[in-house]
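Read through the structure below, which is laid out as structure tokens, and then see the notes.
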Amino acid sequence: MSATQSDQSPADQFAAQTDQALAETYGDRDGLVAAYDAVRAHTETLAAPLSPEDQTVQSMPDVSPTKWHRAHVTWFFETFLLSDNEPGFAPFQDRYWFLFNSYYETLGPRYARPDRGLITRPGAHEVGDYRGNVDGRVRDLLTRADEETLRRVLPTVELGFHHEQQHQELLLMDIKHVLSRNPLEPVYAGRPAALLGSTTPGPLEHADPGPMGWVDVEGGLVEVGHEGGGFCFDNELPRHRTWLEPYRLADRLVTNGEWLEFMRDGGYERHGLWLSDGWGRVKADGWRAPFYWTERDGEWFEHTLHGTWPVDPTLPVAHVSFYEADAYATWAGRRLPSEAEWEHAVVVDGQGERVSGNLADTTTWHPRPAAPAVPGGPRLRQVHGDCWEWTSSAYHAYPGFHPPEGAIGEYNGKFMSSQMVLRGGCALTPPGHARTTYRNFFPHSARWALSGVRLADGGEPRR
Amino acid sequence: MSATQSDQSPADQFAAQTDQALAETYGDRDGLVAAYDAVRAHTETLAAPLSPEDQTVQSMPDVSPTKWHRAHVTWFFETFLLSDNEPGFAPFQDRYWFLFNSYYETLGPRYARPDRGLITRPGAHEVGDYRGNVDGRVRDLLTRADEETLRRVLPTVELGFHHEQQHQELLLMDIKHVLSRNPLEPVYAGRPAALLGSTTPGPLEHADPGPMGWVDVEGGLVEVGHEGGGFCFDNELPRHRTWLEPYRLADRLVTNGEWLEFMRDGGYERHGLWLSDGWGRVKADGWRAPFYWTERDGEWFEHTLHGTWPVDPTLPVAHVSFYEADAYATWAGRRLPSEAEWEHAVVVDGQGERVSGNLADTTTWHPRPAAPAVPGGPRLRQVHGDCWEWTSSAYHAYPGFHPPEGAIGEYNGKFMSSQMVLRGGCALTPPGHARTTYRNFFPHSARWALSGVRLADGGEPRR
Amino acid sequence: MSATQSDQSPADQFAAQTDQALAETYGDRDGLVAAYDAVRAHTETLAAPLSPEDQTVQSMPDVSPTKWHRAHVTWFFETFLLSDNEPGFAPFQDRYWFLFNSYYETLGPRYARPDRGLITRPGAHEVGDYRGNVDGRVRDLLTRADEETLRRVLPTVELGFHHEQQHQELLLMDIKHVLSRNPLEPVYAGRPAALLGSTTPGPLEHADPGPMGWVDVEGGLVEVGHEGGGFCFDNELPRHRTWLEPYRLADRLVTNGEWLEFMRDGGYERHGLWLSDGWGRVKADGWRAPFYWTERDGEWFEHTLHGTWPVDPTLPVAHVSFYEADAYATWAGRRLPSEAEWEHAVVVDGQGERVSGNLADTTTWHPRPAAPAVPGGPRLRQVHGDCWEWTSSAYHAYPGFHPPEGAIGEYNGKFMSSQMVLRGGCALTPPGHARTTYRNFFPHSARWALSGVRLADGGEPRR
Amino acid sequence: MSATQSDQSPADQFAAQTDQALAETYGDRDGLVAAYDAVRAHTETLAAPLSPEDQTVQSMPDVSPTKWHRAHVTWFFETFLLSDNEPGFAPFQDRYWFLFNSYYETLGPRYARPDRGLITRPGAHEVGDYRGNVDGRVRDLLTRADEETLRRVLPTVELGFHHEQQHQELLLMDIKHVLSRNPLEPVYAGRPAALLGSTTPGPLEHADPGPMGWVDVEGGLVEVGHEGGGFCFDNELPRHRTWLEPYRLADRLVTNGEWLEFMRDGGYERHGLWLSDGWGRVKADGWRAPFYWTERDGEWFEHTLHGTWPVDPTLPVAHVSFYEADAYATWAGRRLPSEAEWEHAVVVDGQGERVSGNLADTTTWHPRPAAPAVPGGPRLRQVHGDCWEWTSSAYHAYPGFHPPEGAIGEYNGKFMSSQMVLRGGCALTPPGHARTTYRNFFPHSARWALSGVRLADGGEPRR
């Protein structure tokens, strides 16, 4: 990090990094417009298999309807990009300002989140009209704006890209829940080659990923947080020092097979394995298996976006809460990694800022079995692209964090309480979206997100 | 009533009356099939203005989605008519048995009512396929069945007609609520001539219905309940004697103008006007006007299926709960009629079993102003076809009531607690559906039904 | 009823009757003061076995603490009698006005009912001081008031007597619930002779009351409601005519033994026996036996104020809801009586206005087995003094009912919705309190009240 | 830390430290018995001003009744000390095992926490009997046990001391809430000299504590956690290294006067100051001032254990939630300290492990104004004995933490989620109980605990 940057506030630093990254990334205006079109088109591709009815329903307060996602990310560009920069700006539809604001208090009253599924109009088709209209206006702006304006709005444009990508992932998590409530067991997408077993729809027969291996990490006074040189969210800043005792990380995620052992050993019945609040949820909500598992005649099945199939022991366990992840680790005589341990280990394992895993496969909407490590390559497997990995770290601000001014300051900072950090990425994460320094977060009891478990060990004081 | 009938059980009596009525009503098989087609087509006509999204949403537990109504009434014919009588019966779709059962415990587990809005599939179009399939099979059955079978199934067929008509009314009440939750203020149907004021969208200018008049009724030992000679529901039987002291009934419904006076006089703020449970709802739910009224800049507006317009003082007040109706009557120094008083008055007023009011107008989905009474004709106005009228009678079984055997016995009897009887019919009631002996019922606090108020007076012991 | 009374409003009629009754009943002022002292002393006798801690707790919102009852009935005399009539009236303690108002909205804000158990002070002893203070002032008033004042306040004094008696009954129902929550199984009173079996604490061995007999009643145009000539509550007025078809009433209450048959026959598992709302409670609240029954190693035990003992098949079933009573009647092929049927039958059975049953036994706080009918005497047994008997009548105003003016008008009228009438009296009813025309009322699902079941049959139209 | 200890597990280390500390602390058996008697007597002293009724009530689920506290701490000695070590052990009362278990799942079913206020018996007096019985048996055990037994039970005895002290603090926090619900405004204790203003009950006139000063701390690679040499809870172990950038801490707590400025500046109305969950509580629960403040005619009053008085601007603000503390810090342009920052600062300020503040004053049950710093002494004021201080640290396990085996392992570890750490101590903390390394914890929204705010600043990456 250069000396000149050391005087910058985190917000300035955030802006400067973003600016430079954009120039390097997109080259010229056409490249930027093409990137915009690609992000926007991906959303529509994800929604394409869904009927107007599918796109309308909110199956629980945490879930948003598909057409709401499609409209909200459009509203984001209209509100944060066009409203301040488009000459003669007028909203596409006055009331959309109210309807499609997610949580920005600064922007005034908004439609209640738990009621998003009550909105039948605009319909899925009208939301398409809204998207088309805003797309045209954004393209115009990016094409015709003078240099200074372009420079000024670039951070917002790229934030809009990453914002839309976050909602692409959520759209899939959410529709998975919506479809799970239907006794007709509808399918989002056919089963892809990556998950095809020898018999269909019988149990999958994947190569066993083998026993869990361990990767030792030295620790010490290390740096974590985003380094600059590309987009990041404000919550990844500022990069700072922290102390880590020597520790080690499992080289793959916990599998369904291992989770079945936990269940057979009374994992959901032994209070001593659980945090008190977690045990309360086990009893109150009747948890006895991961979220999308159901038992039929003594056999466990898993609901997925590709249909419902027998639980495959070679796949990573998915859709478990922090409480379950923590109880599993206790049962296994291990623990969850802190977010600093996770990030530092991935960096020293040679995976740096890069995104790996299954992210390039856009037909597989479920985590895949751990592939063998490439000799001489990184030893940590399934780091990106299978399951978001629970850490032992509460989601708090990094030292020196200050949110940006204005409504956009509500993007991340105000959620920094009562949630836990997850790291990595998952099978639903759009290509190019995740980073090693990326901090995802969910409440302790959340299960509808595509979350899994990587174990850690060590890290105790040695003196 | 003939001597031979006096030995019959109420259930037998119910069957015999139904049988005779059908023969008289439909003449031959073609007539019956034509009646079936007409009832079924009316449902689709009502759903036609609604998008797939509109048809999917459940805006509160009391409301069912349009496509659920369309499917459930179809399920009713499939379950109660076809399953026992169609040769080689097989259900259109196995899981529909589970999905579209409303409340028949006898038929096994069913999908939870509050979750009806979570079902995205079958979509509106697939429900249409289901309807078409069942329609063809019902027509086949009615056309090809031998005489004895036809005689046997006729009561079920006609129950199916009236069942579907009940859901036609509910479909409209329900979609009215769904659309009311949308800040875009969508409209179900354009404003019809019957409700057009001189300026649009300004206040309507209807002829003032004039002051409330009173119709005196002698009372004494009277008979109430259905007489035979046409279809009725089981809860209208048996016809029986009851004692009424002399009383009188208002000749029209309470108007919005009169309700505004009640509001201006502190109607929603004076506990002394209210039943204790009603006052509890006023405080807990913040009632300060009828259900679909909203105040903007000091003026009151009413949400209707034709759009939102300024409250018209000449229209009957609509969408008030029993508690509000009772409080209004107390404020006015009157009371609500008992259901026996209501029924007997309509009969002695010369309206007999016949259906009057606005029922023939199928483009107006809102109560209309009271028209002047026809000289020499009935003096009670707005008896059928404007608002269901709250009575002071709890919904209980008539003396000697016994529900039919089997699942169909759940149709009415099991709801005979904690609800109040409403009489008449409303602007959403399909033509030919209501009767003078018809007993509708809703909980004391229900407001989303199209309910209004007719006052009564007298009826005290005079000796 | 005399001709002169026919011009009186029900409120005047109520006052006149009360006035006359008092003169006849108490003779002179000393008699009135003695009656006051007797009522007041009985409350303290009932509270005597209870510790300060026992008197403080509210085990559910329906229950009030003992010391609250003791204070509230005192507040009633202070508020309705002293505040308007005592020269130089000043309240004993300003804030008691707020604390001990039960539900009189007219008197201003009041302490929230569900929070009555949060009030540690005044303690039980201080409530005793409050009682003593008000007692002295009431005695003064009754002794020194001039004739006109005395005449004027007499209705209020006697209403205060009956009000306090109602709370004596509630105090016992409530403390029964409080003690039932304690795993130490505390006892309110030792087992009295009337309930002693041959072995203690083994099962009781009472004489079997024998099979249920039936008492036929002619019906016709009958009169119900209070006749005058003694105290009654406003809700028992006006006396009025009603029509009853011929019917019959069981000559005793349903026993625990009969209830066990109902349970063994799947009474709590067969939806077809239940009203829909009742079945909802069975499922939601897990009802499978009367309220105070618990099963231990396959045997049923009953919690009573005398301790917990094995269910005695000869005792009347107690603490069942309206829903359970109705389901039982359906199972038995009978029905519950209407309140008019109940009242008329008791009158024609020769029990008139008089109070019978176990009311004079003030050491037995539980219903007793039905004693044999006295030859030549009334044939209906257990009419008063064992269990309040559920009727099929919703609690509504009698025709022509008008509540009194002022706060006292809130006494009964505002509760006339969503409750069912119970008739008779129970083992906890104070001597002299119940009447044949007495209308008690509880919500359909209430089980903590001492309620039981008497069956009816017939009453169907015969023409 | 000695070399020999470095091989010990944290649990062994915990035991060894405790053992040594006891020997040093108590000298001989008489000393130990005297210490036991002192702790036990202090509980009874605290309960002495409370009536049986006061001791019985649970005003919200977080609160426990006084007599429950008195019994539970006794149960702790009976269960963890006597049951395994007393010859011929038999419990004082079988069912107390069930009634007075707080949260130890290992020990079997227990009485539900929210129902603690429903238990009228044992009464306050009977709880006294229980205490006396256990006290005698504990004294016997401590006096007669052989050396090895004594050594073995000593850690449990001292844990019992500190456990009882925790409940002494909770007893006071809880009864403060109970008394606050009473409109009679009862007082726990008269106002002590330390809080007497010039006029009573007018505003207090204390010396202004002056503007907030700041204490700079260097940071670096520091050690936190308990060092050994005295009792500590398991959650204070193991001592470990962590990295701190340079920072500074306010030299006193935030005052009521400063909080009033925050309120006047719209502190409770500006969403931008709040974490999202905190803002949700502000709106849902109507927060507009600290927990025990009420407004009367425009002036703010504070409920305390000494009565209700006008808010004194010189006293530290008390009874604010984490969300409020965090919002205040944001408003002030500062932040809350991490728990490591807090602990390290107190140590380098020269206050070491020692307890300071107002802890020796056992007549003052409210925080006092900040006294001037002693020249040459510690610069951080009000560190112990006024308000527990919210930190920015989630309550998680220290690296290498392992809870002890058995039921006692449930003491702290299972609560390590969804709560925030508070440091210091408060005016209700018993003398000798708090430590610099002590980790208290409450949920983010807790307000009934005696919690306050100390600001921090700096700590950002500097490179």
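Per-chain numbering from 1; labels A, B, C and D assigned in written order.
The rule is short, and it goes like this: a contact is a pair of C-beta atoms (placed from the backbone, for glycine too) under 8 Å apart; a residue touches a chain by one contact, two chains touch by 3 or more.
Which protein is which chain? UniProt says A, B, C, D = Ergothioneine biosynthesis protein EgtB.
Since the model is a prediction, treat every value here as computed from it, not as a measurement.
Following the contact convention of this document, no chain is adjacent to both chain A and chain D.
Using mean Cα coordinates as chain centres, the one most removed from chain A is C. Remark: chain A and chain B have CA centroids separated by 49 Å (rounded to whole angstrom). Centre to centre, using the average C-alpha position, chain B and chain C are separated by 38 Å. Annotation: 62 Å between the Cα-based centres of chain B and chain D. For chain C, no residue reaches two or more other chains under the stated contact definition. The complete set of chain-chain contacts reads A-B, A-D, B-C, C-D.
For chain D in complex with chain C, the residues that touch the partner chain are 51-57, 59, 67, 95, 98-99, 111, 115, 117-124, 178-179, 181-184, 186. Touching chain D in their complex are the following residues of chain A: 1, 6, 103, 105-106, 221, 238-243, 245, 271-272, 274-279, 322-323, 326, 392, 394, 396, 399-400, 409-410, 414-418, 444, 459-461, 463.
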